[in-house]
Structure formats: C-alpha cells, structure tokens
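In the two assemblies presented below, chain A is common to both, partnered first by chain B and then by chain C.
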Partner chain A sequence: MLLEVTDLDVFYGRTHALKGLNLHVERGEIVAVLGANGAGKSSLLSAILGVVPPRSGEIRFDGVDLSGRTTPMRYHGGLVLVPEGRRIFTSLTVAENLLLGAHNRTDKSEIPTELDRICARFSNLAERRDMPASVLSGGEQQMLAIGRALMAGPDLLMLDEPSLGLSPLLVKQVFRLMQDLNREGLTILLVEQNTRLALKIADRGYVLERGAVATQGTPGELLSDTALHEAYLGQSQNAGRSGRGPARSNNESRIEPRERT
Partner chain B sequence: MKSEPMLLAQQFVNGLMLGSIYALVAVAFTLTIGVLNFLNFSIPGIFMLGGMFTWIFLKSGLPLGLVVLLALVIGAAASLLVERSSYRQMMGSDHFIPLVSSMGFLILYENLVLIFWGSDIQVVNSPFRDVSVTVFGLIISIPQLAGLALAVTMAYVLTRILYGTSTGRGLRAIAENPDSAIMLGVHVFRIVPVVFLFSGLFTALAGVIFALNYTQVHPFMGEEVALKGISAMVIGGMGSVWGAIVGGLLIGVAEILSISSFGSDFVDIAVYGLLLVILVIRPEGLFGGSALGRERL
Partner chain C sequence: MTSYQTGLLVILSINIVIAYGAYLPIAAGQMNLGIAGFMALGAYASAYVANNAGLPPIVTIFIGAGFAGLLALIVAVPILRTRGIYLALATFALGQIVAAAILNVELVGAAEGYSVLDHFGLATIAPITIATIAVVAYLNRTRFGLNLTAISQDELLANLFGVRTRRLQIAAFTLGAFFAGLGGALHAHYYNYIRPQDFNILLSIYIILFVLLGGTRSVLGPIVGAAIFTFLPEIFRDLDKKFSAFFDQVPDWLGQASAWRFAIFAALIIVFMMLRPQGIMTRGATRAAARWVAWCVRRLGFARSSGARP
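Presenting the complex of A and B:
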C-alpha cells in the first residue's frame, strides 16, 4: 500500500473539515476522490502534504508514518501536488517554475536531465522556456503545473481539480496525460468535481461528504450507486427527508460539474 | 581653492558616498518587505549595532579587519534573533504583529546599548580619518569608496542569488505567493532566515561604514538613516534591489547638494521633496516594474 490514511480528523479553526476519514492508494493505481465543494477533498490533500496538521489519525506513505514530517520532507519523499488553480509563479520564467518543482531533490545532478525530459514531453513549454510564466495560456499553465510536479520525481502524484477552468478539449488532454503517466508507472490520486471523467480513468473512487467517505468502490459500482448522486450534490440529508427535487433523476447523464455558491 | 564646477563635482561624489549607506539600508528593507511583505523596524537598531560595535571594538584595540568582521557578525546575529524569536512565531498572523514586534527589538537594542555605553555621542577613532585618494582632483575617502564598492558588489551578489540559485527561486516564489510556496514544499523555514541574514549583513555593513566615515556614533543613530533608507526603497520601487541602490544614491546626492547650496536646514525638504516628486510622477517607483513581490500588491 503506497498511501494509507486512517481515521483522519482535521480542523480549520472550529470547522471540522475531515471526520475520521479512511482512504488508501495502492501502487500503480489511479484513485479518484469525488464530492461537492466543501466535502473535504482539498483538506485531505493539505493534510497528506502536512500543510494542515491533523487533529488525530494517521497518514502512512510507503509504510512510513508521516507525522512530524514537514511539507518539504514529504515532497522529498515523493508526495507531490498539482494544486487547485495551478498556482504558477508568474514572476518566474517557465524553466524556473519547473526547476522550483525540483527544489526538494537531493540528486541535484539529475535535475538538468529531468528538465530536458519534461521539455521533451511538453513542447509548448519548451518553446517558452525562458519567458515569464505569465505568457502561458490556461491549458499551458496546467501543463506547467504538472511538469513542475513531475520535476520533483513523484511516487504519488496528487492533482487537485485539474480540469477546473479548462475547455473540454484541454480537459481531455490533461486526462489523457494522466493516463499516460499512470501507464508509465506513476500512482495518481485525483481530486475532481468532473465525476464522470474522473471515473473514466480511475481504478477506484471515493465519494466524500461532509468530511467523511460516503461511498467507495470501482467506477462501475459508483456510477450505478444512487448515493453518489446524493453525495455529489451534497444534499443527502434533505433528500432523505423531502425526496429528490423533480429536476434531478437517477439518470447518470445528469451528473454535471456544479459550482455551489 | 577649487573652481565652482569642481566643487559641485566633489559634492556629487560626497553625495554618492553618503548615498551608498542609504542604499545598503534600503536593500535591507527591500528584502524583508519585497520577499516577506514585512516592514522590519529592527533595521535601524541593527544599523546602530554595526556602528556602535565598530567604535567599541576599535577602542579596545582590535585590528580593523577583525572589527568589521565582528560588527557584521553581531548585526547578522541580531537580525536572525528577530527572525527566530519574533517573525517565525508570528508568520501566520496579521501583518502588523511582526511589525510591532520588530519595533520592540529596535527599542530593546537601543536601550541595551544605552545601558552599557550611555547615550553620549562617541567619536570613532577611525584609522581612515585622513586616508583618501585623489582622482581627477576629486578627493575620495577610502571607507567611502569601499562603502560604495561594497554596496554595488553586495547588490550584484544578491541579484545573482535571487535569479541564479535554487534558494533565490524559492525566495521569489515566497515573494509572489507565500501560501502557494508552502503548499508546493518550498523550504520556507530554510529560506526566510536567509532573508534576515542578508538584510542584517547589509544593514550592519552600512553602520560600520557610517562609523568609519563620519566617526560619530550613538544609540539612536539608526533612526534617521532608516527613514532615508525607507524613502530610498520607495523611490526605487519597493522590492527592487537595484532600485533601492539607485534610490539610496539619489537621496545621498540630494542631501549633500542641498546642504552645500542652501544649508543644512533644507536637507529634509530636499530629500522628502524628492520622494514626493518621484511618487507623483511615478507612483510605482523608478524600478517598480521589476520588483519582488509585485504580483501580490
């Protein structure tokens, strides 16, 4: 087991963001984490990376308990994030953004080779290597964010809403890239609101609801599970009392990304 | 007796020399505000420590090289103490909290020196008092020249670090967006002390040069210089290292020229008038476009 999260409790101030969450990722898998905004998906990634300390519970990576390890140490150990909204540094050049990804590597001599490899994979980025990252389009920025993460030499690549703000065509590209990386042996933990697309490439999925796992299973199991619809729309309690609204059916094609305000 | 243009040229040179002290202080402010968005009020105290310890060590008969080294070490240590015991503890809190706490350090440093060495103005027995070189008829004192050369060299080294090393990349990433940098595993706790180390070294060096050059030190010597350093930073465009250097030199020249032309009563009018004029013409400062942390503002 590459990643094992056990009974994880996370608080933001008084907000109980994760409530006894359990999750695991096997080596070589793509695991999707689904759920509405505020279900705890990003909190989970923050806790795995040590950006937010958990109140209780355990996170083990490659068999090692991560408590007491700083975020840079976790990056160095192979846990790497492609953050939501990409978080490109626009005052740095494209190449500098990529190099920043290798910040925690100790095998410094490998970094130029890795940079060439990434540039070979993303020709759009290679062309703009020495330009400020602000000149990149949204899709290119997403590629840069993924390239930067690959520069760290990840064992587990975690992506937070990689489809956000991209055109359908670019979303497809990003998802194809994830599949390619996975075939090359990279383990992926994918947090997505684009449920159907995520389940298309995932081996297993978890549906989070109010900070806990509501359902889990293979894409087939999840897609046929009505609980997914409820959890994803974040209103199972209301649904339990008053039934589903007329606009919502069990028809799977109705699942669309939905911003809650 | 010198001719009028020669006199003016001499004043200009003197202005540049004084300006290099402001430039060093301005770079120190630039680093902490550009990278950490933190106006470090302990800087005048560190400047004073650099100056006072130059006097103290020279008086005790240590050789000059050792005096400078010790004064720089004390300045850097005083700056790192601010980082460790104040900034690091309050990183997540509101901006004004580290600001107020750094002001506490200024008061602490000033009054510690006051307790041990008194508040009198002390005369530094500078070995350079009468050592100068003459270039094209212009008299240039050695510590002044060294000060200018060091200011430019250190700014050059600093930009090389900022734009050519892994630490520099991390620094600029923190300057642009600290939350992203933390989330992406940038070694914030390893890089932030580097900022304080450099800002302490720049400031203490300015204090040492001031002491050797103007030969007068006292516990509150840092305050006026720091105000001019902040003005220089603003003129240069907050966050730009070279802007801070240029701003410092400009203020030095403006100060000396206004003294020689209108008398010392006009210094503040000239210096802060210059600041005002530049802010009106170019609110982002001279080099504001290339400033550290510009994206955050």
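Presenting the complex of A and C:
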C-alpha cells in the first residue's frame, strides 16, 4: 500500500474538517476523491502534505508514519502536489518553474534530461521555455503546474481540482495526460468536483461528505449508487444540461474508460 | 575628480552596500525596517575594534559586519515568526532598541558620539562595493536566488516543493544584516565620527526605498535605486540656480526655493511608484541592459580590430 490514511481527524480552530477519515491508495492506481465544496477534500490533501497537523489519526506513506515530518520532507519523500488554481511562479520563467520542481534531485545531472523529457511531452512549454510564466494561457499554466510536479519524479502525484477554470477541450487533455502518466506507472490521487469525468479514469473513488467518507468503491459501484446519483451526479448532470451540455458530453466520450480485468 | 565628486561616489558606494542589506530580505518577502540598527551595530563594532585592538582597518570592518550578522541570526528566529506588517514593526522596534542601547553605552561615547581613527577613501570603499555586488549577483544566479523569489511569491507553495522557507528567510535576513553592518562600518570609517542618531528610522526607510524604486527582482535594482537617491537631490541642488528665472517667481512666503528640492524629490517618488510599481530594473529590463552592454562591447571590439587592420 503506497498511502494509508487511518482515522484522520483535522480541525481548523473549532471547525471539525475531517472526522475519522479512512482512505488508501495502492501503487499504480488512480484514486478519485469526490465531494461537494467543504466536504474536506482539500483538508485531506493539506493533512497528507503536512500543511495542517492532524488532531489524531495516522498517515502512512510507503509504510512510513509521516507524523513529525515537515512539508519539505514529505516532498523529498515523493509526495508531490499539483495545487488548485495552478499557483505557478509568474515572476519566474517557464524553465525556472520546472527547475524548482526538481528541488529534490540530489543528482543534478538528471535535471537537464528530465527537463528535456517534460519539454518533449509539453511542446507548448518547450517553445516558451525562457519566457516569464505569466505569459502562459490558463491551459498552459496547468500543464506547467503538472510538469513542475513531474520534475520531482513523484511516487504519488496529487492533483487538486485540475479541471477548475479550464475549457472542456483542455480538461479533456489534462485527463488524457493523467491516464498516460498512470499507464507509465505513476500513482495518482485526484481530487475533483467533476465527478463523472474523474470516475471515467479512476480505479476507485471515495465520496466525502462533511469530513468523512460517505461511500467508496469502483466507478461502476459508485455510478450505480442511487444516493450518490441524487447527491452529486444528479447535480453535475443538471449543471451540464443547463450549461455547456452538449460540448461536455462530447468531450467526455472521447476519454476512454479504463479497461478493467 | 573634485573632492565633491569623490565624496558623492563614496556615498553612492556605501549606499549600494547598504541597499543590498535591504534587498536580500525583500527578495525573500520580508520588510526589514531595522536596517539602520544593523548599520549602527556594524559601525560601532568596527570602530571600537579599530580603535582598541590594533587590527588592520580592513579586518575591522568585516568584524563589524560579522557582529551585525551574528546579532541578526540570534534575533531572526523569534522575529521571523512574525509576518508582513508585524515583521516590519518588529524590525523597526529592533532598530530603535539598538540606537537606544548605544545611546547609553559610555564605552562608545554614548550620546556624544564616537570618533573613528582610521579613514577609508574611495580607493578602499569602491572595491568592497564591487565585491558586494559580485557576491549578490552570484547568489542570485544560484538556487538560493531562485528559492528566494519562489518564497516571496508563494511561501506555501515553495514549501510544498521542498524549499525550507524558514531557513532561507533566516539566511536572507542574516546576510542582509551583514551587508548593512558592512555599509555601517564603511560609513564609520569614511566620516570618522558616528552618533546614535545617524542611524535613525528615516535612514531605514530611505534604504527600503532604494530597493523598491530600483527593483526588487534584479541585482541591478539596488544599484540604480541607490544612484537615484544619491544623485537626484544633488542635481536638484543646482536646479534653482539654473532655472533662476522660474524659481525667482516663487513668492517669499514659500521660503527658499532650494529647500523645496526634497519635497519635489518626494513627489517624484510618489509619481514613479504609481507609474512603475515593480521598480526600474525588472528582470526584463536587466536582460535588455545586458544585451545593450554586450552590443556595445562587440561594437567596440569590432571598431578596435578593424582599426588595427592596415
């Protein structure tokens, strides 16, 4: 088991953000964490990364208890985040942003090779390598945020709402990319509000509600769960219909669901 | 060079060193309003050692700078727990404590001031300034510089990518205090007489302005800022003579026209901060300047080689 979260309790002042949460991620999986705003998705990531100290409970990564480890130590251990809203360093160049991601590499000779690999994957970034990151479009910034995280050679890649603020076409690209990375062996923990899309690429999913796991299971199980349907999928379906309905369903259908054996 | 011009260059050299004292913490996202306090520490420590220990003067100024840096390192741990405006106030208080303490220490003359026996001229001070610029330029090119920029923009995210933000902020604060102390020591050895009130809050604010006006993202920023603050008031000094036709029109009740140069200067700062809040030297401007210098060098080289041809 790569990541194991047991009975996790997190408080922000008096607010009980996570209430005895249990979750695990196996090596090579894509695990989706779903739920409405304020369900505790971001608190979970914060606790895993050591930004918020848990009141009680345990987080194990690769068998090692993470309590007492600082955020930089967890990054050096292979836990890397693609933050919500990208949060790239706009005053640095594209290449410098990527370089910052590779902070953990002790063997500096690996960095140029890795930089070339990332640039080969994201041709848009390669063209703008020496430009300030502020000139990038939203989609390119998201690619840069992912590229920056990949520079670290993560063991577990965590993405916080990667579809937020992107056009349907770009969302499709980002999710395709996650699929590709996963096929190459990367383990992914995906926090998403776009439930349907997340379940298309995930192996398993957790639905959070008021700081605890409401349901969990394979995408098939979750999609057939009528309660979930009403609570979340119903919502997102309606949102899809009233908003950019046709475009979205069109794009989603082009992402192939995971083959399951 | 007249002694007036030499004097101005010395002041510029000292101002540049001190400006780096403010630049390093600002590059790490910290506003240090106690720069004058660290200058005072460097000035008094170097002066005391120079007057009493019989060491070479050049050694004493680095002892002074080291003393300022050491004290900064000690106070950095508690003081850097504060953020933003609170950090500014804490460092301001620190500067006041230093000045008030010196005011009471009879060993270094207390309120009467303190004489420094050794004297430094431009020939000693300018190389130290150039060395300081070289050190900061080198730091800016390393990971250290990159990490400082990352911290100043998004501290949490820098932390998420393995940057030990606290350690780096302490390093930037300490190194800044070292340069402030170095500048203070040079000040002491140039003027040969120091008083606690020379190192007041107004000086700290001016030094912060050097950096903000010059640019916080480039090594050239503090140089440009210090140059503007050193030369512009001097240029304005002649202005009322040059434009006497205009300044003679100033009604008497406004007082002397030349006294208004600081008001004009301050107004210009406000206008400038509105028009270019990022400072004069941005990273782009620095690159453009580097290209321009390279172009000039190439042209000079070309002219020389073609001229040498028979």
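Just so it is clear, the second predicted complex is superposed on the first by the 228 of 261 C-alpha atoms of A that agree within 3 Å, B and C clash if a C-alpha of one lies under 4 Å from a C-alpha of the other, contacts with A are read in each partner's own complex, and residues count from 1 in each chain.
Note that contacts are C-beta pairs under 8 Å (C-beta built on N, C-alpha and C of every residue); 3 or more make two chains touch, one makes a residue touch a chain.
Remember, it's a predicted structure, so these values are computed and weren't measured experimentally.
Taken together through their common chain A, the two structures put chain B and chain C in a clash. Of the two partner chains placed by the overlay, neither chain B nor chain C lies in contact with A:15.
Applying the stated contact rule after C-alpha superposition, one finds that A:113 touches neither chain B nor chain C.
By the touch criterion defined above, A:179 reaches neither chain B nor chain C. With both structures placed on the common chain, the touch criterion links A:49 to chain B and to chain C. In the superposition on chain A, contact of A:89 is made with both chain B and chain C. In the superposition on chain A, A:132 makes contact with chain C only, while chain B stays out of contact range. Note: residues 49, 51, 70-72, 75-76, 80-81, 83, 87, 89-92, 96, 99-101, 103-104, 148, 152 of chain A belong to the chain B contact set and to the chain C contact set alike, using the contact criterion stated above. In the complex of the two chains, the chain B residues touching chain A come out as 166, 169-170, 172-173, 175-177, 180, 182-187, 189-190, 292, 294-295. Residues 49, 51, 70-72, 75-76, 80-81, 83, 87, 89-92, 96, 99-101, 103-104, 132, 148, 152 of chain A touch chain C in their complex.
Listed in rising order, the residues of chain C touching chain A in the complex are 143, 146-147, 149-150, 153-154, 156-164, 217, 283-284.
Interface of chain A with chain B (complex): residues 46, 49, 51, 70-72, 74-76, 80-81, 83, 87, 89-92, 96, 99-104, 148, 152.
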